[in-house]
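One chain, subunit A, links the two complexes that follow: it is found with subunit B in the first and with subunit C in the second.
Take a look at the complex of A and B:
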């Protein structure tokens, strides 16, 4: 009873006090006039325990106080931010922004240029991550926080039983998928998820695609290029053969399939252990991580799935202090340690390797987990995102949803033209110049 | 009476249709994360207490704060809304003033506009006076309920005889006194209905708080639980916590309906006689 009443009373008091905050605000100013102005910043993030990471800043920086407002992951927070920007108030000072959303946010004038405050951090980050926050120009729209290099995860016990090795190439992967499914028709090495455009883009990135590009004053859109065709044809072929599943990921069925051993592999990213721990508890200790299967084993490459930067919004009244905070958060060794250990993210900064020494709990037996991850992080190919990623992704969901349902490889490759057209049409409608 | 068997069967089917999802939530919240999607749907697990512990433990009991917020939004919102509805409904039913027809028609039109559509304009308005991301952002739009006003007008017209108002005036009571001492008690049963409608509507409302609030310490249950399922691709969804949270979130509603049930019955009977 106590537990339920205390917050209720707190809430009631807070509501009652609301009308008086205007007065108390001015009191604060009078109090601190002698010791320099105190700045309060709000920070929207969906990383778990981010408030505990920020405590590390607040305890050492008494003049700049940061409050974390935890958000729903990904899209909802961006939508909310864009609404606040359009309304003219209500946006936070600091915002977590996924790399693929940054061009969208820039074209909505939602982000502040902090190149004069944080431009010197360039050498502390991998070139691909830095490129995502500058878009190749002089302005700086954030500091990279975490990255999600693609890796391959598999049930080592199942591989052993089938006399298989971790696949080095995509041909190996196809052969392993076929063998595993033939031995036990209930088992699949993976699934093609039409609901996860982010993963497909990562796979296209690995093959050398870059769906958007900037050419002088106009954009280029290249969804239907040879590299993406190759990737779509490959996965379509596996689905048509029936050796991998065609159901989306992150559904209750998929969770159950990972847990009961009917899904025995996952092409995912460095953050996969956290997800597996939640959905495949009963298989702990049986999984292993490996580098991605390659198209050309001689020149290894990988893509990204996920990853985000921390940006200052254009509505912030204290951009200088906010930039100072995000520089600390994403490059200070103490902060990196907190990010990796407490917030469970894989920091983008080059120094991250020195703070990530013990493997994640779900992969406790694999001491080289982060060595593989660091290797993968360096091999990410450059990829440029455009200002309407959401349109391309929802076109992907529609077109590939039907293709996966039909189980025909030709439907996979034909879907790309549909996405290309939807993306270009939308950009032209929104007033962007599109070359070609 | 001939049809009683058929009627009973139909009612039982209807009851099963409505109650089955509740039974599912009840059973699912007793399962551990591993059992949730792998054991037989209707086979109960043994982890209800563990799940409740996880729910309470999530970020230092944030769930209970959401529960308190929801109670605040729904309780204060419905109470103020009921009072305003009673006043407007009474005025529309018992007073003659210029533009009365127009006002009532505008309110009727308001009944037809779904609240979801209004959420964005309301956000822009409240953003203009800097009230987004506060308790007021959710409370203020909840205060006016066109449907509540419409219902209150009907109740006032049916339950408050004009003769009594006249008598009250002759005895020297002012308009406010008449309203508070004579009209409100007579409308009480109808106002319970208005209160319940609005309470449930705010309790279940998602869109408005979802758009208005950025700080999860202000969230109601609906928005908070939705957030637990949207942790981003790199985090596992917390199905067991969400299912258990959904179960606990309907307990206060059930309690409210059971305690206010007798007013409903009285009210339905009263309507029959007056008509």
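Take a look at the complex of A and C:
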């Protein structure tokens, strides 16, 4: 329900939050009194239990006190931050920012460059994650916090009953979807959700797409490329055949379908156990995790859905202390343990593998859960996000919403041209140099 | 002496302004200034240079009327306008018809104050439910798998209709508005009915008029000004419909970001981060609202707010 309310609540509570954060900002005495005084930092995050993770910092760092301000989610938090940046005050010191939003935030001058405080951080993270906080340049706009490599989750009991194995390729997945739906017309192996552009982008990434790119001094936009066409055609075909559902994810309807065994599979990411635990309580113990189905089993690849960095905002009065905090939060072994264990995120840091030993509670029986996840993390293909991800994503929601409703594969592939046009038009109108 | 008279007359000339000051001040601060600012924003735009990644790569420049041109030529603009026209054709007659019917029924039962009081409150109650909450409640009822109606129909072996599918979604959204708005309009009409002296009805009954004839020949003409007023309010609410479709949007594929004009404003400002074209669209919506309401009032001869006329 949080998701349903989010856009409205974001705008309604923005005003209230401005006042509170503005107050806590002006309370900082360190400015006038110089060093030695206690510094207070505010931190916007939507990860569950983040306040408990931050307690670990506050108890060991008496001079820098961090207060967590819980957000509704990635989109509303960005909306609020951009509004605060425009207003000139009201932004927190530290902000959780999804990787795909970072170019947008940099372009709005919302993030501080903390490269002078980077130290040896770079070696502690995988190259792909590091690239998303530097955009390949010298500046550093945050520290990677978590990543969301795509994985496949399925009801092992249903697969067993149908004599199926976890799908190795997308052809296997299509065959399994057809068999399951034929055996029991109420059951679907998945749904195509027009509400989740992030998942579709992850799937396109797996197929080798990169929707944006930088070519010298201009951007390139490639939404309608061959790889994305292949993915859209594939899912459109499954929806047209009726072997998977066409309703959005994250609705009460979808939760109920997961729980009552109508949805028996989910192409999702490493953080899925937390969602399933909430939505599909009654099916605990019946799910298994597997690597993603592949286009080419010989060269396995995957994409990401979700994942975020922690950034210092351009309005922070204490960028140095804030940078110190986010470095600790995302690379200190004690913090990584808290992030994984308490906040249920999959840390991006290389050290994460050492703290993730026991599988998540919902997959308690699957001891190789994090081995599969680590493997998937290494296979992520490079993908560049552009400065107007929100425009492309909202165009995706509208175009694919119509396509999913029409249940026609041709409508799926045609939608990509609509998104491409909306994205390029918006960039050109703003004055970005777009090649091609 | 002449000095005091002048002073007094100055003071007297200032009196009306002093009385007007609080109203004018509030109007300027909270209505005129924001509207003016929106008008200003609608003529500006942000210009990015190059890749737009470095600090200070954005500058605000004059845009002339280009934001308006872009807003009005957006392929999603006209469909959203037609959609709310259809929506209004469903909501306004249904809501006002129900409100009038209920007000007349309650009024016909004046002799039982306790019962009609209870009925009045229960009809009014949905109005006290915020639109977002109402939409969530209805959203749950619309989704076949979580709706108790879906469950009951399933038990009876009847398939459950997909109320959020493209052929029904307009009615589904309109239903939430009718459910929430009927009570308020009923109270307005009922209050107007109560001010009618009972002697009028008595003489009508003596003349042999039935209850139906009293309602049709006396009551409805008398509440006509109130009906016109509620019509104008409903029309404005239709032009500004936002909370219901926005709340129902994540539940279905059929409600787009630009489903209503106001949703387009929201998308431009907060999803696309383009406050300038959002401002242009809002100015257009404000003008349309203004023209329609005043045009309609002119058409009906200002009868709405002037009870003595009729």
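Rule of thumb we're sticking to: the second predicted complex is superposed on the first by the 400 of 436 C-alpha atoms of A that agree within 3 Å, B and C clash if a C-alpha of one lies under 4 Å from a C-alpha of the other, contacts with A are read in each partner's own complex, and residues count from 1 in each chain.
Throughout what follows, a contact is a pair of C-beta atoms (placed from the backbone, for glycine too) under 8 Å apart; a residue touches a chain by one contact, two chains touch by 3 or more.
In this text the structure is predicted, and so the values were computed from the model without any measurement.
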Subunit B versus subunit C on the shared subunit A, clash or fit? clash
Output check: A:278 vs subunit B and subunit C. Expected answer is one of first, second, both, neither. What do you get? first
If we overlay the two complexes on their shared chain A, which of subunit B and subunit C does A:82 touch? Say first, second, both or neither. second
Which superposed partner A:152 touches (first subunit B, second subunit C, both, neither): neither
Would you sort A:106 into first (subunit B), second (subunit C), both or neither based on which partner it touches? second
Could you look at A:218 and tell me whether it touches subunit B, subunit C, both or neither (first, second, both, neither)? second
Regarding the shared-chain residue A:48, is it in contact with subunit B (first), subunit C (second), both, or neither? first
Would you check which partner chain A:252 touches, where first means subunit B only, second means subunit C only, and both and neither mean what they say? both
Touch test for A:69: subunit B only (first), subunit C only (second), both, or neither? first
Taking the stated contact definition, name every residue in subunit A that is touched by subunit B in one complex and by subunit C in the other, in rising order. 3-4, 7-8, 10-11, 83, 86, 250, 252-253, 256, 260
Subunit C contacts subunit A in the complex at 45-53, 55-58, 70, 76, 132, 136, 139-140, 143-146, 165-166, 243, 246-247, 250-258, 266-267, 270-275
Which residues of subunit A touch subunit B in their complex? 3-4, 7-8, 10-12, 14-15, 18, 42, 44, 46, 48, 69-74, 76, 80, 83-84, 86-90, 92, 148, 196, 198, 250, 252-253, 255-256, 259-260, 269, 271, 274-279, 281-282, 305-306, 344-345
Subunit C partner contacts - residues on subunit A that touch it in the complex: 1, 3-5, 7-8, 10-11, 75, 79, 82-83, 86, 103-104, 106-109, 135, 137, 194-195, 214, 217-219, 246-248, 250-253, 256-257, 260, 262, 314, 387-388, 390-391, 394, 397-398, 400-402, 404-405, 426, 429-433
In their complex, what parts of subunit B are in touch with subunit A? 33-34, 36-38, 56, 59, 61, 64-65, 67-69, 71-72, 76, 120, 123-124, 127-128, 130, 132-136, 139, 210-211, 214-216, 226-227, 230-239
